[in-house]
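Alright, structures below, take your time with them.
One chain, chain A, links the two complexes that follow: it is found with chain B in the first and with chain C in the second.
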Partner chain A sequence: MSIFEYNGSALVAMVGKNCFAIASDRRLGVQLQTIATDFQKIYRIHNKLFIGLAGLATDAQTLYQRLVFRNKLYHLREERDMKPETFASLVSAVLYEKRFGPYFCQPVIAGLGDDDKPFICTMDSIGAKELAKDFVVAGTASESLYGACESMFKPDMEAEELFETISQALISAVDRDCLSGWGGHVYLVTPTEVTERILKGRMD
Partner chain B sequence: MSRFEESAPARGGFSFDLCKRNEMLMQKGLKPSSYLKTGTTIVGLVFQDGVILGADTRATEGPIVADKNCEKIHYMAPNIYCCGAGTAADTEAVTDMVSSQLKLHRFHTGRESRVVTALTLLKSHLFSYQGHVSAALVLGGVDVTGPHLHTIYPHGSTDTLPFATMGSGSLAAMAIFESKYREGLTRDEGVKLVAEAICSGIFNDLGSGSNVDVCVITKGNREYLRNYMLPNPRTYVSEKGYSFSKKTEVLLTKITPLRELVEVIEGGDAMEE
Partner chain C sequence: MGDSQYSFSLTTFSPSGKLVQIEHALTAVGSGQTSLGIKAVNGVVIATEKKLPSILVDETSVQKIQSLTPNIGVVYSGMGPDSRVLVRKSRKQAEQYYRLYKEPIPVTQLVRETATVMQEFTQSGGVRPFGVSLLVAGYDDKGPQLYQVDPSGSYFSWKASAMGKNVSNAKAFLEKRYTEDMELDDAVHTAILTLKEGFEGQISGKNIEIGVIDSKRIFKVLSPSEVEDYLQEVE
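On to the complex of A and B.
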């Protein structure tokens, strides 16, 4: 079994019109046994920047703590919030530093940059950035997520339609993956508000 | 005190503190993950006025296409560009690092960077990591001494050639170059040949795909033609789009309005005594 399949996860982020959505599943398992059904995988860095971490849960939590530390130092020095592009470069550098003994995590970063332009990116576990204009996926369900998002995504969707699309893509993909599921957690961010929703999914 | 220093921004270079733990996990039977690779076809050729570099745009993670339109032609200096094949994180990191070193060198010397400088910096870094930094590069540029094209292998060896190909699609692209290359090509002939070689890689090699990127470097000028050719458009796009008959069931909704940041006005009214 691969290290990435030890805990199981599914993450997806999509870009809409002046908004973005980032969604994850809620299961935490130890190989095939489920030990938690409300595990948080998406973390808030600041109001307009979210990071989801797929892969080994212990590395995800440690990496999140290190990134929050670096972000707070940046905020103290620069007296402003970090731009998503800058944060993505920071995460890439933190991961590449451990090139020969990596964190077993795949981050998905989503944020609103200058002029509230949505920004999403994902990386592999050693920090190779992959910027996309439409959607990014990560986790054990990534292959199903690629398929679901390719067919369901449309460019320039409004907030409500984006929410529906990302939820349907997440739920259909995790239904085909044993290691992720037990509902979904979706954050929909527009320039004026952050909407956090919990989805009902199959409980198996 | 020492624990604080561990989390502070590092002094640069690699950090090996998770290696022991990862070894232990491997022994317990957990296999390591695959990294994002750029399966790739990258090419370069020298024409009468300079150098032309070409690359495909597919990034793979095992058998899956992770990025359909990634950038493999990296900027090194205004007159030097580098195509990268191999592990994506390694090619990006090594080209970024040498690009910053070249910029510092330009400030020190006050002169335009030379291709051999970039070459030496790259090959010494790759050799010192004995091939573990898996980056295979095609470096090309035009400096005061003329146009140059080099290939750099992950272990640190280099070749200087009039035309070169690297990556999993290198054989397909080299077949085109070997039959059609000649010295003294014009710009249009050169770009056409490079595009043909990359297309050969895209269609015949499974690790390469999507679009063709081309970069033309001449004395004092460079043209980065991102997505010069798009030979693989989406064949069928439904006009209706996807419609969901059953809406997702939402258990809980929490809306957080984003507060406007308070504006601090310089030189406001002084407080009343």
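On to the complex of A and C.
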């Protein structure tokens, strides 16, 4: 069994019209056993920047702590928030530092950049960035997520419709993956507000 | 500076609370060729005298004003070789920042890092402080900026400043001439007039150097003929 499949995860981020949504499942497992059903995989860096970390849970937590550290220092030195593109470059550099002993994580980064333009990207465990204009996925359910997003996604969706779409895509994808599920956690971010919602799906 | 007993080790404070080596470094700066900078609403200009030791020196090979990044330039007063080392270190730091964040380094950050290097050389064993003060001119998201960095590692943001031999006259001249709404061209003219004030001999495009950065955010050192054009406008 692959180390990336030890804990199980499903992450997806989608771009809408002047907004973005990032969603994850809630299961924390140890191979076939479920340990927690409220495990947080998406973290807020600042009000317009979120990062979701799929893969090995311990690496996800440590990586998140390191990134928060870097971001706080940046904020103190430069007296401004980090742009999502800049943050993505930072994550990529941090991951590549450990090229020959990597963090077993796949990050999904979503944020609002200059002029509140939505930005999403994902990268592999050693920092190869993949930018996308529509959606990015990560985790054990990624293949199902690709299929679900590809069929359900439309460009320039408004916030409410984006929420519905990402929720449907997440739930249908995790239902096909035994290692992820137990509900969903969706963050919808517009220039003015951040909405956090819990989804109830098949609780298995 | 009667604390000569304490001037041997730069890392030792004198009883008056000074680091004597830094005072000496500032003297080295004060006897260097005059340089100045002026911040305008739409850009920054930095300029310096380029007095060469002999007419046989190929003036095209000497460049006192250098760029640290495409949008940040620097001029110095004091010891040329020391400034070369600082330029090299600053360029490396700017590139390291870019490599990490894929974003050009903000002017304040680069100035802070350069100042940190200069401070390190006032608190380490076996080294001496840099014998230069730098004037850093840049244009980034916060607009046009002008900073002075001293051998001690302290840095200040200026609207207009001068350093070197003629510093007091030049600063007095700038205080009179500077206006908040100055445009870049006016600033270049003012810079030339300020240099002319203390200039020994005939000023020309070959014995002064001018660097400008405008709202297009590209730092450029003017060629001798461009400097001549500005000189003629000033006449």
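Note that the second predicted complex is superposed on the first by the 204 of 204 C-alpha atoms of A that agree within 3 Å, B and C clash if a C-alpha of one lies under 4 Å from a C-alpha of the other, contacts with A are read in each partner's own complex, and residues count from 1 in each chain.
Please note the rule applied: contacts are C-beta pairs under 8 Å (C-beta built on N, C-alpha and C of every residue); 3 or more make two chains touch, one makes a residue touch a chain.
Nothing here was measured: the structure is a model prediction, and the numbers come from that model.
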Task: Broader residue contact with chain A after superposition on the shared chain, chain B or chain C - done: B
TODO: Have a look at where A:Q33 lands relative to chain B and chain C in the superposition and call it first, second, both or neither.
DONE: neither
TODO: Report for A:G127: first if it touches chain B alone, second if chain C alone, otherwise both or neither.
DONE: first
Open item on the list: After the superposition on A, what does A:N47 contact: first (chain B), second (chain C), both or neither?
Closed with: first
- [ ] For A:R77, select first, second, both or neither according to whether it touches chain B, chain C, the two together, or no partner.
- [x] second
Open item on the list: For A:T86, using the defined touch cut-off, is the partner it touches chain B, chain C, both, or neither? Pick first, second, both or neither.
Closed with: second
TODO: For A:K200, decide between first (touching chain B), second (touching chain C), both and neither.
DONE: first
Task: Residues of chain A contacting chain B in one complex and chain C in the other - done: none
Open item on the list: Touching residues of chain C toward chain A in the complex: what are they?
Closed with: 99-103, 106, 108-109, 112
Open item on the list: Looking at the complex, which residues from chain B come into contact with chain A?
Closed with: 7, 9-10, 13-22, 25, 29-33, 35-36, 59, 61, 64, 66-67, 70, 87-90, 92-93, 132-133, 241-242, 244, 247-258
Task: Complex interface listing, chain A residues touching chain B - done: 1-4, 6, 47-48, 55, 66, 69-70, 73, 92, 95-104, 123-130, 132, 142-143, 146, 151-152, 154, 164-165, 167-168, 171, 183-184, 191-200
Open item on the list: Taking the touch rule as given, give the residues of chain A at its contact with chain C in the complex, in rising order.
Closed with: 77-78, 83, 85-86, 89-90, 93
